[in-house]
Structures are given as C-alpha cells and as structure tokens.
Amino acid sequence: MKRVYVNEKWCLGCHLCEYYCAFGESNKKDMARALKDIKINPKIWIEEKDGVSFAVSCRHCKEPLCVKSCITGALTIKDGVVTINKDKCISCYTCILICPYGAVSPSEDGAVQKCELCVKTTWGTPACVEGCPNGAIVFEERG
Amino acid sequence: MRYVIIGNSAAGIGAVEGIRQVDNQVEVTVISSEPYHTYSRPAISYLLMGRTTEEKMKYRDDDFYDKMRCKILCGKTVTEVRPAAKQVVLDEGSVISYDKLLVATGSEPFVPSFDGLDMVSQKFTFMSLDDARKLGAALRKDKQVLIVGAGLIGLKCAEGILDKVRSVTVLDLAPRILSSILVEDGAQLVQCHLESKGIDFRLSTGVKYFDSNRAMLVNGEMVGFDLLVLATGVRPNTALLASIVDIDKGIVINKKSETSAKDIYAAGDCTQTLDISSGENRIMPLLPGAYMQGECAGVNMADGNMSFDKAIPMNAIGFFGKHIITAGNYSGEVYTENVKDRYKRLFYSDNKLNGYILIGNVEKAGIYTSLIRERTPLDSIDFSLICEKPGLMAFTKEERNQKLGSVSL
Amino acid sequence: MKEGQIRIPSGCAISGLIDKSGKRMSGEAVLRSISVMHDRSNGLGGGFAAYGIYPEYKDFYALHIFYDNSASKKSCEEFLEQHFDIINLSKIPTRKIKVITEEPLIWRYFVTPLPTKLGGSQLDEREFVAKCVFRVNTRIDGAYIFSSGKNMGVFKAVGYPEDIGRFYRLEEYEGYCFTAHGRYPTNTPGWWGGAHPFALLDYSVVHNGEISSYDANRRTIEMYGYKCTLQTDTEVITYIVDYLHRKKGLTFSETAAVIAAPFWQTIERMTPEKRETHEYLRNVFSAQLFTGPFSILVGFEGGLMALNDRLKLRSMVVGEKGDLVYIASEEAAIRIIEPNLSRVWSPMGGEPVIVRLNGDEV
Amino acid sequence: MAVNFLYPDYEVSRNDDRCIACRVCERQCANEVHEFLADTNKMVSDDAKCVNCHRCVALCPTRALKIVKNNNTYKENANWSAKTMNELYRQASSGGVLLSSMGNPENYPVYFDKILLNASQVTNPSIDPLREPMETRVFLGAKPQNIERDEAGRIVNNLPPHLTLSMPMMFSAMSYGSISYNAHESLARAAEELGILYNTGEGGLHEDFYCYGKNTIVQVASGRFGVHPDYLNSGAAIEIKIGQGAKPGIGGHLPGEKIVGDISRTRMIPEGSDAISPAPHHDIYSIEDLRQLVFSLKEATNYQKPIIVKIAAVHNVAAIASGIARSGADIIAIDGFRGGTGAAPTRIRDHVGVPIELALAGVDKRLRDEGIRDNVSIVAGGSIRSSADIVKAIALGADCVYIATAALIALGCHLCRSCHTGKCNWGIATQVPDLVKRLNPEIGYKRLVNLLTAWQHEIKEMIGGMGINSIESLKGNRLMLRGVGLSEKELEILGIKYAGE
C-alpha cells in the first residue's frame, strides 16, 4: 500500500506541508482564502532542531496500536488507511496515549484528528506530498 | 472446528478479529450475558453526559458479526465449563461444545459490605450499559448524589451526571482522588478543577454505615443523598474457571493468553497480567490491553503465533476538558515540569522510563508510552530533549529514518 | 541557369539490366524499358550508361566530352595530349532528333596516361585519370568530361530518355549492362552535362530521389579533394561511392552499409561480429550516410548495385530471368522487356542488390 | 555615506490579502530579505538584500509574492545607463574589480536567433519520428586514417578511443566547489540515465561519483586540482581546459571559505586555502606544449581515453582549433562568449570573446579546408538554450553541444547571477549544507533527464521535418540553414544563405 514516507535528508523545514495539509482539509479552492488569519492545526507537522527537520504524520501502521486501543471503535483501518470516525470519537485520548509517533492530536471539533492520506479530501495524492518542494515527503509503496 | 468465546466486550471482540486474521473458515460463537450488540463500556459516562448515544457507542458496526461470520448468543450466561467434555453449559440448560474456548468474562463491581446498605433504596453501580440506563433513569435536577469511590469510575460517573442533578459528593478512603494513577500534587490539581465545576469531595474517610438516605462517615460527618453510586472497585470474574485453571489475583495466563488448561484461553479484565513497567503480575482492567490480549488469544487459538507481552498500566482520562494521561509505575527519579497548563512527571531509573503523568498538555504522550513499552534504553536517545518535549527528534537519525521512512540506512 | 549554380532536387525514373553471363546485348532493351516511365520524367534530362561496349579498346579510358565550342575543344585536347596517349578520337555518332536541341560538340577519346606524367604524379593510374577529369571539368571553360571509365560509356542529354537514346543511336551499342535515367527536376536548367547518369571512372550512378543529407555529404567529400560542381545528388553519390570503394577499399556491400546504413536498432540485433563491423562503419563514415529518399543504380566494371534508402522512400523493383537481372523504378518497365520473369521482388530499404558477372569475385 | 547609496534594483511585492504569514519566504531566503513581525502578524521585506532569485516567489503557497523591477530612475541617457552609473558608484566606493556570475548579459547579436531551419515539402518526404526510427546517436573522437583488414578480409577495429552518446548533448564542466554535491549528483545520474556525459570541471571528482565513470569527463585545468592517476583513469574522457567562454584569458579563484571538507579533499588542497587557477597552464605557453600535455595524459591513461581540449571562442579561434586538431587531441570543445561562470570579472565576461555560432562556423570550415576535420570532433558550448540551438549548431558543423546554464535552470537556477556570493537559494552554487539540501538529486536528475529527453524529441521532430533520420546527416549540413537579418559578411562566415535564396 502507498504510504507517506519522510526523508529528513531532504526536509528543508519550510513547513509548507503543514500549510498544504491545513489547506487540503479546508476544502476551499484558494489557500489564501482558506488560511488567511487562521492558526492552522495540521495533521502533519515539522519537528526541527539544530538544522535537522522532518515531518511527522500518521504512519498508517499495519498493526496500529491506536485502532486496537480505541475504546469506542472510532478508529478503524479502511483499505489500509487508519481512519477516524469523528462521530464515534469521545475524545478520551487513548490514541494519543498509545501512538508511538505522536501522530494523533486533539482538534477543535471535539474528536481527535490524524492524517488520513487525504482520502476524505479532493487531493488524491496527499496534500503534504504535493506541497513538499523537495521530495522530502513522498507517497509510495515500500516494503 | 468451533471456537467459543465467552464475553462480548473488548477482549472477546479482539479474539474474533484475531481469529479472522488467521482463519476465515472456522466456526466462532460468542456468548454474552448482556442482551446487546458489543458496546464500549467506558463510554457509559459520556452517554449520561449526552456526548454519545447508545447507537454511537457501539464498539463495532452493526454488521460486525455478519462480516466476521460469527454466531452471537446474546443474553445467555455460561454457568459451567466442562473441560473434559469440551463443553460449556448455558443458563437455560443448553450445552455448546467447543474445540477451543476463550474466557473473557471481564470484571464486576466490587462492593464492600456496609452496614445498612441493603436499606438504601436508590443504589447503583457504574460499569455496564444496564447500570448506566438505570442510573440515567433515576437522575433528576433535584437529586443529591453520593458516589463512594474517587477512582476512575466514580469520577467519570460524577462528570457524567453533574449537570443533571442537584449535587454530587464523592467520597474516598484515600487521601487523594484517582489515587491509583496520580501522585499528590497532580491529584490536588485535578481535584481543584473538579471542585471548580461543582463536585464535592470527602477524602480520607469512609462510610461507617448507611441509614436509608444518609451515610454516616468515619469522620463523624453525616451526608444525605437521594442516589448512591458505589464505585469502590472491580474484581475479575474468575468463577467459571475456578478449579479448572490456575487462578491467582485473576486467571493466570501466559503471553499467548493460554491458561493452564489445554485449549482454554483467557483475556481481558478477568486475567492477571505481567506489568512490564514494574515486573509485577497485576489485574489491569484496561480496554486497550483487553483488546490486545483478546486478539492475541484469537490468533493463537487459530493456530497463528502472537505474543502480548507489553502490558503496562495506562490511562487516558479527562474531566470537563482537562486531560490526564498516565502510564507505567511511579518509581525512580522524577523529572518535573509545572508550568501553567502543563503538569508533567516522568519517572525513571536504571536507564529506563518507568512511568509518567501528564495533566493538561498531553500532546504526543504516546512517545513516552512507547519508551516504557519498548523498555528503550534512555542513553540511546536524547533524554533531556524528550523530557522537555516528546518527539522523534530525540531518537537517532537511523531510528528516525526507520520510523518515518521505513528505511534502514 | 545550369547545374552547379543552384541545387536542384529532382524526381526521376531509373532502369537498368545486366547479363551475368557477360553476353552482350544491344541498347534497345533499356531504351524500351525507360520509355515506359515517360511520365516520371519531364523532358529536362536523361541518359544511359553502358558497360562492355568498347571491347576493342577495353584497356583504354574512354573519355566522353561535351564542348561548348571549338575553342574549348582545342584547349581541352591540348590538356589531354599533355597527359595522355590518345589512341583514338572521334565524334560520338548521333542522329538528328527534332526535340533534341542545343547539342554541344560531343567527342570521344580512348586514352591511356602518359607513363612519364603518371610516374611523376606519384598517383595510381585511376587516381591520375580522376584528377585529370576534375581538372578539365573545373578549369577548362566549356569542356566537360562526362564519362571516363574503361570499356563503358555514358550517353546523356536534355530531353526525354527515349529521344536521347535514339539520338545517341543506343541500339547500335552492345554491352552486358545498361542503366538509364529519366529526369524530373524541379527547376528548369537545360545543361547537357547536368543530365544523368553521372560518372567518374567506371562508376556511374543513376538516382531517383532527393537526399536530405546532401550538404553534409558534399562538405565531407569535398574535404577529400572532390569538387561538387553540379550540386546534384547523383554527383555526390558517385563521388562517395568512388571514395568508399576505390579509395577506402570498402566492398560494395560495405559501401551500402555506409550510405544506407542499417538503423541502430537493427544493428543491435546482429551477431557480435557483424555488429562490430557495422558500428565501426557507422562511426568512421558517419558523414557518408545518405538520408532522405533515394533509389540508385551504381554501375561499375563487372557489375551493378541497386540500393534504396533505408526507409525505402522510393520505389524500386528487381526482376530475374536466367542470367538477366532487371531493376527499375516500376515493375512495368521490366515487364515490357521481359514479361516472363522467374522472380520479381522489391528489395528492402538499405538492402543492396549487387549483381556481378559470373566468375567475378564478390 | 549618501554618495554610496544604491537604490535596490528589485522590489519584493507582497499581496497582503494573499499572504497567510506562513513564513516560508523567511525560512527560505538565505539573504534574509523577509521577516515576520509577530506583533502585527505580518511579513515585511528588505528589498536591498534581494537578489531576485525567485526562491520565495516559487515557494509562496498563496502566490502572494512577486519581484518587480524597481522604477526608481536616474536621469539616464543612451550613453550613461543606470547600470553603468551604478557600476561606477560601486567601483568608486570599493576600488575593486566588479564581479559577476553566469553568462554575458549584454545586447550582442544572438546568431542562433537569426538562423532559420528548413523542412521538406513535396520533393522529399518529411519523416515522422513517431513512426520511423530517428537516430540521435553520435560518436566523438578522431576517425582512423585507413581501413585495415585481417587475413580473412574482415575489417579490423582500429578506432581510436572515442565517446558514444545517445544524443548530441553533454553537460559541460562545472566544478565541485563552484556547484554543490547535489548538483553534481544530479548531473552524473542524469548523464548515466541519458547515455551521455557530464564533466567534473576543475575541482576533481568526489569519491562518491567514481561509479559514474563511464559517463564522466574528467577535467585537467591550469590549477590541476584533484588530478591524480585514478582520477584520470576514472572517466571516459579527459578534458584539458585552456579557457572558458565567460572569461577567456582569465583564471579562476574559489575563495578559501568554500574550500571546506569534501571540497578540500577532492581538490587535494588544504582547507581554507584559496583555489587559484592560473590564467594559462604554466606548462603550456605554446601549441607544441599542448601536444606534450595531450600525450602525457594519453600515456597516463594507456591511450584508452579520448582527450578533449576546451578553448574559449576568441578572435583567432579557427587557427587555434587547427593547431589543436594537429596536437593529438581527439575532441575540441569551443566555448562561446555567452557561456556561464560561477564568477568572472564583469568587464571580461561582458567584453571578451566571440559568439559561438561564428566561432563554430569558422572552425568547422577551417578544419575542412585543411582536410583535418576527421582528426577531431567539435563540441560547441556557450549558451545553448534550446533544441533549436542544438540543431543549428550541428548544422553549422558541431558534432555535439555542451549544456550548462540550461541544465542549471532545469535544476532551479533563476539566473539571479549571484553565484559568487555562495548563497544560492536553490542549492546549486553553494556549499552551505542547509542550502545544498534544497536540491534533491532525485528530483534534480529527473528534471535534467526530462529536459534533454524533451530536446531529443524536438530534435527528432525538426530533423524529421527536414527528411533526415539520423543526426549524422545534419552535421555540417548548412543547406538546412538560412539567415535573416544578417549581413553578407555574417552569412559568409556562417556559410549559409539568406532566407529566400
């Protein structure tokens, strides 16, 4: 299955992935309109320190601890994509407790949020991948 | 071949899914004493609060049993296991034979014997959907509620009903709330938060006796109530396997979820598990662990090979928007951080993280959890960095590339 | 305007036949063949090459020369006398044909290089003769040697080829091989020397097509001492064939592998040994590759080679009957002289058909 | 001091309605043009620092940025342009030689743009490259004088060492040091995938790139940086660099601060020491010296590698080329005066040399006139901008072209001509690790492959239209060219006719 992979060697720390993620989620046509004067809360974010930077987002584990741990069944795997059903989520944060990548985060709407590979948006290729100017985030099949 | 699973909650469901990972053919029967589709027990407080509905709190979709091609017997209680004959007997007398059996009977509320308790007319426990329905039906704006037990169940119950009643008083023998998961200052922090929302506490004191609508406390105080909720703890349902398998605090199982008896597996709250953060065998009535144990049992029943050996106590809980995440045990040296909304304690010794408590800011807590679960040597990471801020940056470049790029460089 | 002042692309008809037994036949057959393709020419040029026609002078170079006037004849003959022993000279016999006009003086000389001159030049005999031909054609105004081989001759003029054949009394010649050309130039020059075949020594070329690589080929061959005075494809083809075959010692099939080289994709499928040879030829003689459409007949002493460009962008058909091999732009031009062919085929692009007199080594 | 003041040439124009203050411009500008003001939640910029490299413009996700030419105006006249005046102010304040990068920007004629190509109509079919094979393979090197045969009469392969290219293009010399590791890797990988060659330039060959040897030309320049036997033997050919189109007659100078780590090791000079390439090779003061170096290099490589001699196109280029063609060299590379550079004195770049088109035509003609064109192949460089330029160069007589500026543009270069600052925001002409990583070779090499593949397609289209199906038949085929807007003399030098003739 195609997943998002990150290679810190090429990450520039430009943070565009975060903005493209937020834009992708907005379902608006124009990024300026979507993100103007908004504090974004993306599902991918850059960790950076001393010239090293890389993006972190859900790994879509084959054996996802978050899905196994979800107390309401809100997190499931659909066609390999770890997906959140926000209706069922009660924000207990057990997923945040268990995800070893720190890839699940709180959101404003009362449910947790996580990367769902843009399957619910109009992007096709995940927005962060499209927006990465240096091929540091790729969407591909790996062993 | 027929596999029989007693229990329809996290461990039982985990087992069904575990079996189906390996074997699509074998017959699977789930027996549940409750008459419901599988549901999330921890969600019952949210149900009372109105944050979820009975429909949404279903643990799996409606077509789950069909999809898993598994037979579900609801509202039937197993009264006897006959290991020699490989049969279970149901309460209505019928007998079901099995090739492999999973006991996932969970736990039940433990209620100490209080004088006068039987005279209390409106008393409740808070574990099952039935409990929640009963309590929910009794809630009125003019009712005073007394909750005995300031643990996870008692406080979630308190949060769930606070808006629907006149007052909520929580009582505990321990000097602090959530004594099993918080240390003193953290408990104080949370208690203040709960008090600010209107919950009353009586700590370091117990019930001497009940007198109809009043509780006489050990400290001499008399507390009146209309509804009494008993949240004094749970204990594993092990009776079914008594004298069949080894039982200690709970049913004894190995890391493959096997009991001491052939072809009998057990998982979930009815078992005792090795807590790798402390090295002790404990009862850990926690949903994630139950699921994983159940899944492990299912895979192994179906002749797959799985081990579950990373159990640690861990809790994610929140009250009125304040989130608490804790894991492991609280021994060793302590890293402390106390700023504004961020309460953080990391406990470590012998180059390992033993446990942690986060209150308020719980972002990326799972990275700490993984350090405990994986027993990561702290000198292999940038521990001072990770103390400050959980993140993958603290790992080596190779580790990061492995984690984020699935590549070993 | 005449050839050499401007480059003139032309479409054409070609025809040729050879008797492998070496038996001589009259020029009548090739004349009939080329006549069939009347519509492929437009009356602006035509001609014939005939091999084996001068058995009595077979050891002498037969120079066919156009003169504009007697003054040019005089200066040319002076030059010839200085360099050659002239065994025989005569006007080439013609008959009056109404449509053949503005004929120059047409003379024929059988010559052999003067031993002293040849020795002094340090050239081999054929190179000496070729050099003399270039000298006359570039230096002596109004004189043009259009045929210079042994035991062969070129006959050409402005007009339709069938008229030209009768003009030159072609039916009176007997040879083992003939080629013919009818020209359709896309301009209106009218110089006899510019008609085809084009010949140097015993190499003669008739050509139908237009090679797009012309200037690359021309600039290359000029570097080797040739002068392309006519700016025609036929001229450059003849020189390159002469260069590759006579000067570089390539065989005719190797020559074909240079000028109509197999595509790389074909070469890559060959056996390693063959591949190496072809890679070598394409590397060393890359500038001698002809691209663009052509079908050519290369006449030479003892044989005939037919070759199409590698994409076969021009028609060319070969027919066989006994010892006779016929090649023409159109099958009809073969059928008219031999209706009962034992075999007829269209050679693939770049695949040479090389016919030699029996007994001649390939 | 007021008299030193120079108004910025460019202005950063930010559309505040579109700016979302994502700060990518700030993070990506090595010149620190952009700044985020937290108190107003707004971005501001300092035009004076902007070199107009377009990094921020290209990365701005909302298209909020553009760079515009400043319209601050002097009282200019035809003689005293603003550029001239600014240069004068700068020199008056610094007392130094002006430095510039990339190719000659001045308004000299671009002859490629005054030459038109032919196509077939009626008399000769044009050839469709989608239907028919269309060959672009070329060989570079000397041709053997004679055909040799063995006893069986088979032709003996007596070819001198030569290069085989899938298409008539190579990447010209850009040293490791003047451009980044990642730029080199992009070039090397692209060359390998395309079946062509790239050129190390004079900075030696990084050990990581020895694996691309069969697609590598190793250069020997006047500084002899990084030259050792393994180096010479690692490539497919050796190039002796005599001169460079951007700065004929001038040596090179890579400042000590760029001689760090790998670069110092690769160049075999101490860290921090300036890398100075003398203007001439101090062992070549005449043509016979060149011959000695050619044969020294042949000796060193056991006569297995063709030797390229690269010269800048200068006035006497034809005669020089003739000398080189007789020196034992196998290939002559001629670099026209529009060729790029990482740094050159402005006056030299803008005023020395001749256009490649004229130099090429002159050299090809001279070598043919002297009958020595087969001794050498000719590689033409110095601002080959498109496939049309390539077709024209080959028809003028080149065997192949050298591409550099176009390749850099493919890699992201926006021709800001600030290479000499070492702060290339596109990760090309820099050694700053944070900047170098901006050029991901995985992306870079694909873009180079794309560019040259596209050009190859276009070349096939163009020559197919001429009725030619092999690039060999285009070489020197000047009948396929016609001039427009050229004088008789120019036509004569180019050896082409006027359009309509």
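For reference, chains read A, B, C and D in written order, and residue numbers begin at 1 within each chain.
What we mean here is this: a residue touches a chain if its C-beta (ideal position, glycine included) is under 8 Å from a C-beta of that chain, and two chains touch if they have at least 3 such contacts.
Since the structure is predicted, the reported quantities are computational estimates derived from the model, not experimental observations.
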Winner on C-beta contact pairs when A-D is weighed against A-B
A-B
As a test of understanding: of all chains, whose mean C-alpha position lies farthest from that of chain D?
B
Whole-Å distance, C-alpha centre of chain A to that of chain D, is 43
What is the distance, in whole Å, between the centres of chain A and chain B, each centre taken as the mean of its C-alpha atoms?
28
Quick one: chain B and chain C, Cα centre-to-centre, how many Å?
102
Between chain A and chain C, what distance separates the C-alpha centroids? Give it in angstrom.
77
In chain A, residues with contacts to at least two other chains:
none
Could you check chain B for residues that touch two or more other chains and list them?
none
Listed by label, touching pairs are A-B, A-D, C-D
Quick check on the complex: what are the chain A residues that touch chain D?
9-10, 12-16, 19-20, 23, 30-32, 35-38, 51, 131, 133-136
Where on chain D does chain C make contact in their complex?
120, 123-125, 127, 132-133, 135, 137-139, 143-144, 146-147, 149, 154-155, 157, 159, 162, 368, 371, 373-374, 466-470, 472-480
Contact residues on chain C for chain D in the complex?
7, 9-11, 186, 209-210, 212-217, 219-220, 222-225, 248-250, 254, 261, 263-265, 273, 276-277, 280-284, 286-287, 289-293, 310-311, 313
Would you tell me which residues of chain A are touching chain B in their complex?
3, 5-8, 47-49, 52, 54-56, 59, 65, 68-69, 71-73, 87-88, 90-102, 104-106, 142-143
Parts of chain D lying in touch with chain A, wherever the complex brings them together
17-20, 22-24, 27-28, 41, 58-59, 61-64, 433-434, 437-438, 440, 442-443
